[in-house]
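For reference, the structures are reproduced in the following blocks.
In what follows, chain A forms one complex with chain B and a second complex with chain C.
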Partner chain A sequence: MAFKTIKRPKISIGERFYLKALLGGLVITMKHLVLSIIGKSRSKKELGGSGIGVTMQYPEYRWDKHLPEYYRGYPVLVKGEDGRERCVSCQLCEFICPARAITIKPGEVPADSQWNKVEKAPVEFEIDMLRCIYCGMCQEACPEQAIFMSQGYLLTPTDKKAGVHNKAKLYELGGTKQGLVNKWNAYK
Partner chain B sequence: MSEETSKLPKDIAAAEGKVNVQINGTWYQFPRGMRIIDACKSVGVHVPTFCYHPKLAIAGSCRMCLVEQGMPPRLAPGQAPSYDAQGYQHIQWMPRPIIACANTVCENMGIKTNSPLAEEVRAGVLEFLLANHPLDCPICDQAGECKLQEFSNDYGKLKGRYTESKTKKGKNLSVGPNINLDQERCVLCGRCIRFMRDIAKDPVLSFSQRGTHNAVTIYPGRELDHPYSMNVVDLCPVGALTSKDFRFKMRVWFLKETKSIDVNCGTGTNITIWSREEQVYRLTPRQNDEVNSCWMPDEHRLNYRFINSPQRIPQPVIRTDINAPHRASTWEPSFSALAEAIKRVPADQIAIIASGRMTNEELYMTRLLAEQIGTKHVDIVSRVKESDGMLISADRNPNTTGAQVILGLENPGSQLEMIRDGVQRGKIKAILCLGEDLTSPEAGFKAQDFENLNYLFVMDHTASDTARAADLVLPGVSFAEKFGTMINVTGRIQRLNKAIEPIGYAKDDWTILQSITKALGSNSPAMNAVSSMDILSLIGQEYAALENINWGRVGDCGLQVLETGVTIPLIEQEKNPQG
Partner chain C sequence: MIDSILSFCDSVLSNQYWFFIITLLIKLVICFAITIAFIPISVLIERRVASFIQDRVGPNRVGIPATIFKRFGMKADLPFVKALDYFGLPHDGRIANICRYFRLDKDIPLLGLLQPAVDGGKLFLKQDFTPPFVRRFYFWVAPMLVLAPPLMTAAVIPFAGDLETPYGNINMVVANLSIGPLWIFAISSLSVYGLVLAGWSSNSKFPLIGGIRSSAQMISYEISMGLSIIPLLMIYSELNLSNIVQYQADNGWLLLPFWGEGLTVERWVLLIPIVISFIIFLTSVFAETNRTPFDMSECETDLVGGYHTEYSSMKFAQFFMGEYAAMIVGSSLVITLFLGGWSIGFGIDGWLLDNCGNWISTILQLIFYVLKLAAFAFFFVWVRWTVPRFRYDQVMKLGWLVFFELAVINIFITAAILYFIK
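What follows is the complex of A and B.
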């Protein structure tokens, strides 16, 4: 059999009792303690706080400005610059959704519509936000750049029904997104 | 070495009318004249195809099935062939690939489906097919069952090199009452054209234009309105021909496939039920060379909407007083109310009108019920119309043969006249109507006939005029919600499988009949049955014609149990194309 004998590293007494790591942690705690007492903690500058303690004073102060670009808030549907609803109800997000939060009722684009060459659009598009786990797989699966994880995280439904976002609500939350690929251009 | 063992493989094979063929390095024997593609398929070697279909003429137009092929080198005059240790000649591979669908196997042939050459030509063919493909998979109904999608995933290059603009053709064209055509998605395999020409005998489709503008078109002024036109949707390997009925209803990857049979006529066309979350979305034919080949009439294909219709009866409904409105009830009180009502009427004044749309198991339970009551007035409603000369049988009941065997009816429907007469003359006071609407033209009852009755019981899945007049309605299930067997006009027993759960509080028909018979005090072994498979085994013990029948023996493609002498025209035509 192919195996290799490796030599165990030598561990000193200090390492064996985690002395170095414990002391390192204590130093950080003490640093925050001292800064807090003299009113110069990080929260003063970065989180808009009072300078005492490092906790953000939510909801008076919010994360919004501090969110990274890749933050995954609630999913929304977007319209393109041309005002077209980008979703064509291919149902790939419904398929990939691990929490089965998405329900789509596909339908046809009316013949007299400006976008009737797209042929297909959702009649209804529901995301049950009580089921959604904010994983972002829907955005990843979408072939039409129609569903995005927004930066929004403030959801306070008062009943189960209000926890389900329908198509109108999703477009309202999503709004218009600039700079997307226009697949359904004049050459299509 | 004896004479036997020194024989060459080619001689051994030739004695059985076979030839030796090497496929991907392994030697096999195939019957002489077999197509290379069928040979590969029979040993589990997959060859991608678009235009090839086992039931259609060979076109060889898609070039997708290109394989590398080799033969022994041609001998010089006077040169004797040389054989290797296993007795095969050396294979000289041809530099040019051949199509597997239009060439047949021959002795000492070599086929490679996975060689660098074969892989390269397949990728090349796909690149050409995709050059003008619109790539609108997100809005294409075929996505998920599209051969072009599958093959470009398996054999394609995944990246297009074609930078010029694509050729524009017709999109979303209506070519018939049930079919939409998208010429851009078409791979020009011509399966639809060959089906309409050779099977439907209504050649309305053809190729028009040339080169990159080549497209499937419909004859000007004509429509693709043949009664079997929707089979081209199944045949189309891509999303060029799509069904209007199924258009944008559901993506196929969500749908569950259940093998079943069509219940609209006596042929018992083998079908697949496609359902999701207790909703049936479409029916498609399933290959059975003894029953329906690969086809299905449109009329039967589209007759599935009643399954999830709002007309379905969701729970038992009872009328407690004459002229009182119906009100919802529950199962147990309904059974006891029915048993009491049956006991109040003398046995010879009770008629049971069963249905040729019931399964053998339900008919068996009907027979037990009739025996328990003691009535001889048992019949089914017969539905004989004209055959269409293809797949639709003259008998529009799917299980008349079963009713003849199980209920012992020699001439189904012949007693109905007598029962109707008995009702009008007041000799029959109670009717147990199982799965039929008596006011339909086939049954011939009139609404005022029911006024002569003391008791009318209906078991059906959908509301009807008979159900509205009934004293008690118990909701049964449709064909998609039950297990069971039926015997088609040729005497072939076939299985129905359950695709969805019963709607509302409806119950499987055979369990309803079992409960009624039990409430009347029967102690037959069928009262202990827990599934329709149990009933089928009981039928196998009782009837000589169906001896030792059971669920497993029937299988997915059915089992020929009787000789009725009836044939299916389309199958006869397929077996003897000349005759």
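What follows is the complex of A and C.
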């Protein structure tokens, strides 16, 4: 048989009156209320609550310690451990970005540079943080491991200009990353 | 000078008509102040209790930002630092840290008590948008029709005991009608016009459904509401709310007959119909005021926003205030009929009158009345955040098939008890 008949639960007369369920509900909500006020709500510790309920009072208390590994903050550019800027301005991230937040002006690596083998590097790299939706597509698309989602989330631009992160700012936020990309090393 | 003023006041108050007018004005102010002030208070209760129930904090951020001192020309950046220096305390000592914990360095906290005021200000400043497709006149009239009836009905509810002055007896009710409950039912059912007109004039389908639902619901529950208090009127043999409360003060609240005549067998047997009446009446008040679990007319899961979908700014706020005002008047009616109105209870009223004088007892009664109202506002909020919304057919079934019959049967039970048990 393709279907199964499920019997409706029988509702007793007491349940039909609904008063018992009502009172039970009122007791439960009251319990929550009292526990919140005395600051003993359930799973308050795990959620890092401060004071009433499980709420963390944000600017005073921060989630930072509890941030999971996979947390996606704002995107940043990183340099390799050898100090080379990893981005080769291939513009893949610019094209994949669903919010069109990234604007790259590609340029050449000067011939006398140690890394002139790389040929290209961004002259300017801007991410408009007012457009960015923190999706992480740029990180996925990047063939050079140059752009990463950081753990930072505290961005409070006071005007639209301040909302745009330029190359210097992105590198400053990103810092250096260890390992991984070795293909441009001199001996190869 | 002062003597002449006093004698002038004396002569004015001795005049019966002036005395009446002046006391009436004072009573009006008190009555309206209670009702109007309770709207933001119950909004605050609503938001805070709701958030406590959901393990949140609720509005607690409204305070006076300390930066305001700088804006008004203070040189040093924060008065907090200045104050620490003044007392010679280290900037990161224990006391400073405790103050920081309570955010005293950032603002002067008011525990979020200012939140309703700020909300009101926000509603004033919002764009008042009238959609082009509405019936303009009715669209404008509807919010007023919702807000006015509850404020009118508040007039017949006594908020304290009588006050005896050398010039005469002041009855602490704006309009001492001998048809109190009937007046309330007559006027409060008018607010259904506001909802229906809002729904219809919005010229849009969801508000229309909301308006129609609310009219059906309010009319149905009006019946059980009216029938459920008939037993009470039989017990009181009185329709004047002041006298009803006075009776309860002397002989025990209807639901708690613990003193005076309330200790007779008859009163205890009468508790059975009274409790039934209480449940029906309370539920009907919920339904009448369109509060969850009965807010069919604005149930956002299937009607967007119900009858006020197209409203914005202050016109929306009027609906909002109307709902809360209706809730307050409804709860004051429950208090007046079942829980002794302004009376402090347990025979304390009489004791106070004898030992502490008339003024003190009246003021205490007023305070007690306000406290009872606050408790009831809490109860409304508590129920709202506990019980899920009913289905529309369930609401109608409950009203017509359960409460209506129950209320009618209840009348006969009461009559029988009153007749046989003496």
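Methods note: the second predicted complex is superposed on the first by the 134 of 188 C-alpha atoms of A that agree within 3 Å, B and C clash if a C-alpha of one lies under 4 Å from a C-alpha of the other, contacts with A are read in each partner's own complex, and residues count from 1 in each chain.
The criterion applied here is as follows: contacts are C-beta pairs under 8 Å (C-beta built on N, C-alpha and C of every residue); 3 or more make two chains touch, one makes a residue touch a chain.
Since the model is a prediction, treat every value here as computed from it, not as a measurement.
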Complex contact set, residues of chain A against chain C: 22, 25-26, 28-30, 32-33, 35-37, 41-42, 44, 51-55, 57, 60
Of all residues in chain C, those that touch chain A in their complex: 49, 51-58, 60, 101, 103, 382-383, 385-387
Complex contact set, residues of chain B against chain A: 134, 137-139, 143, 165-166, 171-172, 247-251, 253-254
Chain A residues within the chain B interface of the complex: 88-92, 94-95, 106-108, 117-120, 143-144, 187-188
